[in-house]
Amino acid sequence: MKILITAFEPFGGDAINPTERLLMDIGKEPIEGAEIHTRLLPVVFDECADKLLETVAEIRPDAVICCGLASGRTSITPEQIAINLKEVPKESSVADNQGNRPYNERVNPEGPDGLFSLLPVRAMTDNMKEQGIPASISYSAGTFICNNTMYALLDHIRTNRLPMIGGFVHFPASTEMAASKPGLPSLSHDTMLNGLKIMIETIVKESFRD
Amino acid sequence: MKILITAFEPFGGDAINPTERLLMDIGKEPIEGAEIHTRLLPVVFDECADKLLETVAEIRPDAVICCGLASGRTSITPEQIAINLKEVPKESSVADNQGNRPYNERVNPEGPDGLFSLLPVRAMTDNMKEQGIPASISYSAGTFICNNTMYALLDHIRTNRLPMIGGFVHFPASTEMAASKPGLPSLSHDTMLNGLKIMIETIVKESFRD
Amino acid sequence: MKILITAFEPFGGDAINPTERLLMDIGKEPIEGAEIHTRLLPVVFDECADKLLETVAEIRPDAVICCGLASGRTSITPEQIAINLKEVPKESSVADNQGNRPYNERVNPEGPDGLFSLLPVRAMTDNMKEQGIPASISYSAGTFICNNTMYALLDHIRTNRLPMIGGFVHFPASTEMAASKPGLPSLSHDTMLNGLKIMIETIVKESFRD
Amino acid sequence: MKILITAFEPFGGDAINPTERLLMDIGKEPIEGAEIHTRLLPVVFDECADKLLETVAEIRPDAVICCGLASGRTSITPEQIAINLKEVPKESSVADNQGNRPYNERVNPEGPDGLFSLLPVRAMTDNMKEQGIPASISYSAGTFICNNTMYALLDHIRTNRLPMIGGFVHFPASTEMAASKPGLPSLSHDTMLNGLKIMIETIVKESFRD
């Protein structure tokens, strides 16, 4: 089956986004039953989603795993739900890579409040943990670019009744990032790459089971 | 306007639930424009919601603020969204007060994936902060009793097109609870009671503005 | 008995230091057996200690409780030990109020590596907890101004064999500070003031016991 | 130079102590200038130290690095100081592997309050960070077995004026441990093993510089 993996450009002054490194390495070794495509997305509200949906139209994947960084988390966290909200909390100093700071805006003014992931998040999480990789389901993808991307993807699949599944997975900081940010939890690139492989294998296996 | 405030029974071995103390004290001083009703809910899946909906039918409030404890949080957090999921993560040892540990179940198998709060969560949060009370919007009410209660309320209002608003607010541990649990963040009862008053005042003011 | 309470000026861009507010209020109500003196100390390496030792020479207290802010802590933490080190970790952006950032320097090049508090830290902590106030013993006062002050005081008492006791207590952020810093744990001013009174009462009681 | 590396047995119900795995692997590849000896220590108050001092007498190392687990930390943390205190806080449920829970006891009733590490902790930390490994100096080794071991070693070297250096390094949970404890920060075994090698190389290099 055709699987599209996306990741994000660096953001917030970091030289590298650990999900970009995952993207560079995930295709290096074949995964049985999976034809891997990759695409890097911009950290800009709405553009992130436009670029993803263009890629989906072009590649017509069977499954999409969008990967993003959630600095501060300790494990790999498949997201349960995307919400119809673009918001940078007032007290936060964060902005996207073009300086946008939306507040209380909808991703799709006509869309539902929330949309569940179409990926087998429980099997993905269980399989990673069984193989010694810290993983847990997350119930909030936040209200920034990652959630924007996930919501737009799920809303697009829903509206167009596309024969595909998709969702989002947040990764913690990489060990190399944490070396210059004391106190930041991290996982090594190898651990995260292994986790991503296990998630792809899970999707392949689950889809054959259906 | 008629405002229903709910709180929960003690849970998980604690002798008291700090939201129960809020319930006992919130009616002691009048709040202009608000007729306060209170109800304590059981920490049991589904029963929490049944009891709430009975009370709503009986009192016919204009607004409902459900209050719950989120041990570990540092501020008062109005919830943005409830999700259609009842789940105790496998690795957690938590159960409700009757020992239930649902996994990957829906609150309403026919309902939407997520439902946004109908309360003015941004104004409530801003007003608390302006008056020196730690507050922030939360984007996840979890998947336990609190989320169950919030989802059921919003789904009920939506399905029956009731002329009322409602939502959920999580409170941190109280200072007295934290005295026996070192490391647990807390707010004092007085601070939380003051926060609850400000939220009620905000709802009264916002509803007159409409 | 004569008890000297010290606190610090605001620091790091904050408008107020919550320990300064404690200092302003601690003398307002009499505490039996205690003659309270207060002094505000500068957040400047070495000057903090010089000013404290001058005050000690002038007032000749029986006990000194130095109070400081440890932003991020959740409870009132009497310190067990001061260490002979002035250090701002390289990755930290912190500096004292004159811009000093010492690294791997000694408070007293001739002094011992560490000096235990002379205050009854266990009784102080136990008494606060019994009265519902989050408290625990801390085993590190850090390597900044607070540790500098504590070490200098204990080293001075030791070297001059003064008939007095002394030590340091860290307080968390106040609730009003946390209102503008989401996620920061806090205790209310009233709770912290009550904690300080209990610590003073403990010192009075313990000293009569001897 | 002869370098003794110690680690601890499993503890607190865990099947493995990640420092034990470091011990098993550290000798597998030669490190230039270092003759590595290893020893596993019991997680029992006082016995941990007795066993270490016996091993020191037997091997007569030039340097000792004691390794221990600090579950919850995010980076490799060389300890600055050991303190003359054995204490399990009352609210903790922890005990050593023989059920001991000392409270406010001294490691050496005649010893100084604190003893600084004799290892080049700043160079060790800097070198790890330069090579992409999360590391920072810790200013508290706690009051449990690890601190007990470190204090006893430093006190022994001091009292007997031994021509050797020594100290303690805390490691975070390993990634495999964290797989079954969601939320626990971790580093991979490979990252930690690499960190330990860098610390040994630093000690070899620094000792030749003298």
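Which chain is which? They are A, B, C and D, in the order written, and residues in each are numbered from 1.
Rule of thumb we're sticking to: contacts are C-beta pairs under 8 Å (C-beta built on N, C-alpha and C of every residue); 3 or more make two chains touch, one makes a residue touch a chain.
Please read all numbers here as calculations on a predicted model, not as lab measurements.
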Same or different residue numbers at the chain C/chain D copy interface, by half rule: same
B-D or B-C - the one linked by more C-beta pairs in contact: B-C
Approximate Å spacing (C-alpha centroids) for the pair chain C, chain D: 30
Chain B and chain C: spacing of chain centres that average the CA atoms, whole Å: 38
Centroid spacing, where centroids are CA-atom means, of chain B and chain D in whole angstrom: 46
Where chain D touches two or more other chains at once, by residue number: 89, 91, 136, 180, 182
Complex interface listing, chain C residues touching chain B: 74-75, 128-129, 131-136, 175-176, 178-180, 182-188, 190-191
Chain A contact footprint on chain B (complex, rising order): 80-81, 83-85, 89-91, 104, 112-116, 122, 126, 136-137, 139-140, 142-143
Contact footprint of chain B on chain D as seen in their complex: 89, 91, 180-182
